[in-house]
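Listed below are the structures to be examined.
In what follows, subunit A forms one complex with subunit B and a second complex with subunit C.
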Partner chain A sequence: MTTFLELLANGISVGAVYALIALGFVIIFKATEVVNFAHASLLLAGGFVVARLHSSIGFWAALLLGVAGAAAVGVLIEFLIIRRANVSSHSVLAIVTIGVDIVLTTELTRRIGTEVLALGDPWRDQVVHLGAVGIAQTRVVALAVAAVLITAFLLAFKHTGWGVAMRATAEDPETAALMGVRRGRVSMGAWAVAGALATVAALFLCVFPTPGLDRSTTFAAMKAFPAAILGGLDSTTGALVGGLIIGVTETLMSGYQNDLAFLGRGIGDVAPFLVMIVVLLIRPAGLFGTRELARV
Partner chain B sequence: MDVHAPPPPEDPGLVVRDLAVNYGPVTALRGISLSVPRGSIVAVLGGNGAGKSTLLRAVSGTLRFHRGGITAGEIVFGRTRLSGTAASAVVARGVVQVPEGRRVFARMTVEENLRAGSLGARDRRAAAGARERVHTLFPVLAERARQRAGLLSGGEQQMLAIGRALMARPAMLLLDEPTLGLAPMMAARIAETVREINAQGTTVLLVEQNAAMALSLASQAYVLEVGEVALSGPAADLARSDEVRRRYLGIEDDRAASPAGASAGRPALARWSA
Partner chain C sequence: MSDKPGGSVRILLRSAVLVAAAVAVPFYLEGFWLQAGLFAMSAAVGAIGINLLTGATGQLSMGHAFFLAAGAYSYVYFASDPGPGLAGLGLPTPVAAVLAVLTAGVAGGVFSPIAGRLKGAYLGIATLALIFLGQHLLFNAGPVTGGYNGRPVPPMELFGFAFADSPALVVAQVPFGALERLWFLGLAALVCAALFARGVLTGRPGRAMNTIRDHEIAAGVMGVPVARYRAGVFVLSSMYGGLAGVLLALVFQRTVPEYFGILLSLDYLAMIVIGGLGSVAGAVIGAVFISLLPQLLTRYSDALPLVAEPGSGGVSPAEAARILYGAAVVVIVLFLPGGLLGLAGRLRPSPNRRIASASTAEKASLRPSPETRN
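This part shows the complex of A and B:
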């Protein structure tokens, strides 16, 4: 029972981090109808900035710069490529983002090399004990930070002019333009927010018990794709629920993999994608999605 | 006083000159010209595919959403050119469109729809005043503020679409078939509101298939046919012209068709009007 509770708590925490990534993925899709396959490289870029700078300027300043840096990379991708690519179909743009992802990831992994970079976080490897249940301090912080960021995002999405412009554009871009909403700004904002959230997610993907930022971090980030897709690509609620489902599934499957030996080792890494496939078989638009995935 | 001095340049309102629009290989407008003087209501009539909505898209700068573009001519409002500018710049100049089919943001609340309308306004701080004006014109929008717009009736959605446009405090309102699909009572109500909005100082360009209603509101009217201006003139004259009566008002010339007594004995279904 204790094992189960520990795994569940870890799963929820990991899930909240996936939710941060999936949320960025979803808002880019809502604002621009582009499925952003470059998301994992945004995350890697943000994490890389933090890893490189924390020893010279301190962790918090490095985190701030990492968030700003990934946001800037997002804005640049939007401004230089997505906006200018005069293509007839959004699926072509999705493929363009795969290209962007390959270029960025290749360059970043070249710089990272074979190192495992520490992020210099202040939580280190302490463990918090709640009764018999022990949880890494980083996981507790991850959950708290993700909860705060997600709440702040949802409030802004609901109540600010930016949020109203974003939702109006997502629902009907032409009519939003008739209201004077500038689509370019809305879409730039979406890419910036997505980059910023991805950096925070990168931080929590790379701290204890993970050894640090290395070239495999993008694979961890990839698990947020099934989270966004199974929740429904155009639903913020879907991103949150999808993130939690993926996080909990992955952690439980990894934790009990010795009991699930017939499924083979490493089922935890595969489970997110299996869950996604099963959900899509039953609900093709995802749990909360309204648009058919056929257009992707 | 120098009699040779040119008269002070009067604000001409909206002027469209020789406007031609293509959607790819398809020509939608073939060089139309019209003008909407400040403070007036001008109607544009015509059947489906005549180019009415294309004209409004060209003014609002949203042709690119339909893969269309202006190939010739220009659109000027006041002293600024609207053709070639972005949709947001057109709104910022005070020219705001109420699109055909209402197009309210169905997943957002009534209040949020109004808020969306004020996003491109010239002075966003004036939004509170604008909201008050909208709520006075359409009290139902205040009552339903927190309801999802998709749950409103067709007439209420049309009110919301007009109210949303008014949130930008427009100098000129472009209305695309505001009575389309509405019950006669509601259509009359909308017509009355358009008259009131105009009386408060907003210039109106009204595109309609409902010619009787449009001609009763407008001072000037243009009839579009396959992308060209077929007829134009004072609305009252057009309403009397045989061609408009026959083609857009559905009125046959009774004197020629039947004796006067017969038409009195057979009550024709009068076309409803505002």
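This part shows the complex of A and C:
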């Protein structure tokens, strides 16, 4: 029972981190209708900045710079590439982001090399005990930070002018533009927010119990894709629920993998994708996604 | 273009010259280039497959590497004799190759409930699952796949003729080893694959596929069974992937699980975008480009600026190649929608320009325009 509670708590915390990544992914999709396959490399970029700078300027300053850096990379991608692309189908733009991803990931993994970079976080490997249940401090912080960021984002999305502009653009880009919404700014903002959220997620993907940032971090980040898809690509609620489902399943399946030995070693890493396939078989648009209706 | 009198003769002549050149290659080139060429051929077969799916039908697939793995590993499984800790059926190799292609097709068919319903980028992410599942299987199904170490690949044997280094064979004073012999096998497979795909694309199924890509609802209204077509093309493309996997296994002579990861799938997407979406020639051009670029950079790394020897800390040739073609994907989508093939069409000398522009106009009318879109 204790193990189960520990795993559940860890799972929720990991899930919250996936939700951060998935949220960024969904925001970009809502604002620009681009499925951003470069999201994992945005995350890697933010994490890399933090890892490289924390020893010289301190952790918090490095984190700030990392957030700003990944946001800037996101804005640059939007400004230099996505905006210039004059294509008929958004599927083609998804391929463009794959190209961007190839370039960014190759360069970053080259710089990382075979090293495992520590991010210099202040929580280290301390464990909090709640009764018999022990949880790493990093997991508690991750959950708290993710909850704060997600709440803040959802409130901003609902109540600020920026949020209204973004929702209007997602609803109907042309009408929004006619109403005076600057679409360029909205989509740039979406990419910046997504980059910033990804950096925070990178931080919590790489702290204890994970050894640090290395070239396999992109694979960890890719587990957020199923989170976004199974929740529904155009739903922020879906991103949150999807993230949690993925996180909890993954942690539980890794935790009990000795009992699941017939499925093979490392089943936890595959679990997110299995869950996604099952959900897609039942609901092709995801749990909360709007089913696409077309009028002829 | 073949409507023009003499056009078909010219095409025949051109392909005859190409085939003659391809046949002559093993007599002149050294092993390094032969191997690179064989990789390119195998990649071309796989790229034709994914171009049918992504280019012609508009279904994004990031899981192509999985089908290559399915083909490669099932060939090894069917053809190997059972060894210590390894299972195998010990079937004759040609039978094993055919079964391997079919297995890849079945794997695609199992995925068809999803492949038939999802479209575009949604399918792209769903197919990511195949990569991760595939890797998991390759590492864990030890008796079949050999786990981390992979398995040796038994050489192909066709009517008593082995595609291996022994027995020794000398043709026109050139020693014919495994690479030289495989060259012809690869060439035959590529030509058959290309002709079949051309047939699919120019015929009724091809038109249906293009209509699904351009306007799904219109396709449905005109009587195209959209879901069935999507699932069918997915199966066909996975069979192409399987064939490419068999060729690859024969060239590598050993299957290793890491190779069939997400990077390989991205390579295939890059191939068809760079070569030209939706056509057989585009897939082949892209495959040759992407397969040969790292080899060229490796070979001439000391003569090139910015590219360092592997392991010296600078940009290694493989990395330089990846960065180059990643950038190429972006640039081509933004500025050259037809890929390298489209570029070649534009640069054609003037006597053909009228025909070329006519054919592009015909093609363009297949794309949705503001008027034809509802």
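By definition in this document, the second predicted complex is superposed on the first by the 290 of 296 C-alpha atoms of A that agree within 3 Å, B and C clash if a C-alpha of one lies under 4 Å from a C-alpha of the other, contacts with A are read in each partner's own complex, and residues count from 1 in each chain.
Assume a contact is a pair of C-beta atoms (placed from the backbone, for glycine too) under 8 Å apart; a residue touches a chain by one contact, two chains touch by 3 or more.
The structure presented is a predicted model; accordingly, all values stated were derived computationally and were not measured.
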item: Superposition on subunit A - do subunit B and subunit C clash or fit; value: fit
item: Touched partner set for A:A168, first subunit B, second subunit C, both or neither; value: first
item: Angle at the Cα centre of subunit A, taken between the Cα centres of subunit B and subunit C once the superposition is applied, in steps of 10 degrees; value: 90
item: Contact breadth on subunit A, by residue count: subunit C or subunit B; value: C
item: Touching partner for A:G266 - first (subunit B), second (subunit C), both, neither; value: second
item: Which superposed partner A:I229 touches (first subunit B, second subunit C, both, neither); value: second
item: Which of subunit B and subunit C A:M179 touches, first, second, both or neither; value: first
item: Minimum C-alpha spacing, chains overlaid - subunit B and subunit C, in Å; value: 5
item: Complex interface listing, subunit C residues touching subunit A; value: 58, 60, 113-114, 117-118, 120-122, 124-126, 128-129, 132-133, 136-137, 139-141, 217, 221, 262, 266, 269-270, 273, 315-316, 319, 322-323, 325-330, 333-334, 337, 367-368, 374
item: Residue numbers on subunit A that touch subunit B, as the complex places them; value: 161, 164-165, 167-168, 171-182
item: Complex contacts: residues of subunit A adjacent to subunit C; value: 35, 37, 81, 84-85, 87-96, 98-103, 106-107, 110, 219, 222, 225-226, 228-229, 233, 264-267, 269-270, 273-274, 276-277, 280-281, 284, 294, 296
item: For the subunit B and subunit A complex, residues of the former touching the latter; value: 60-62, 65, 86-88, 90-92, 96-97, 99, 103, 105-108, 112, 115-117, 119-121, 124, 164-165, 168
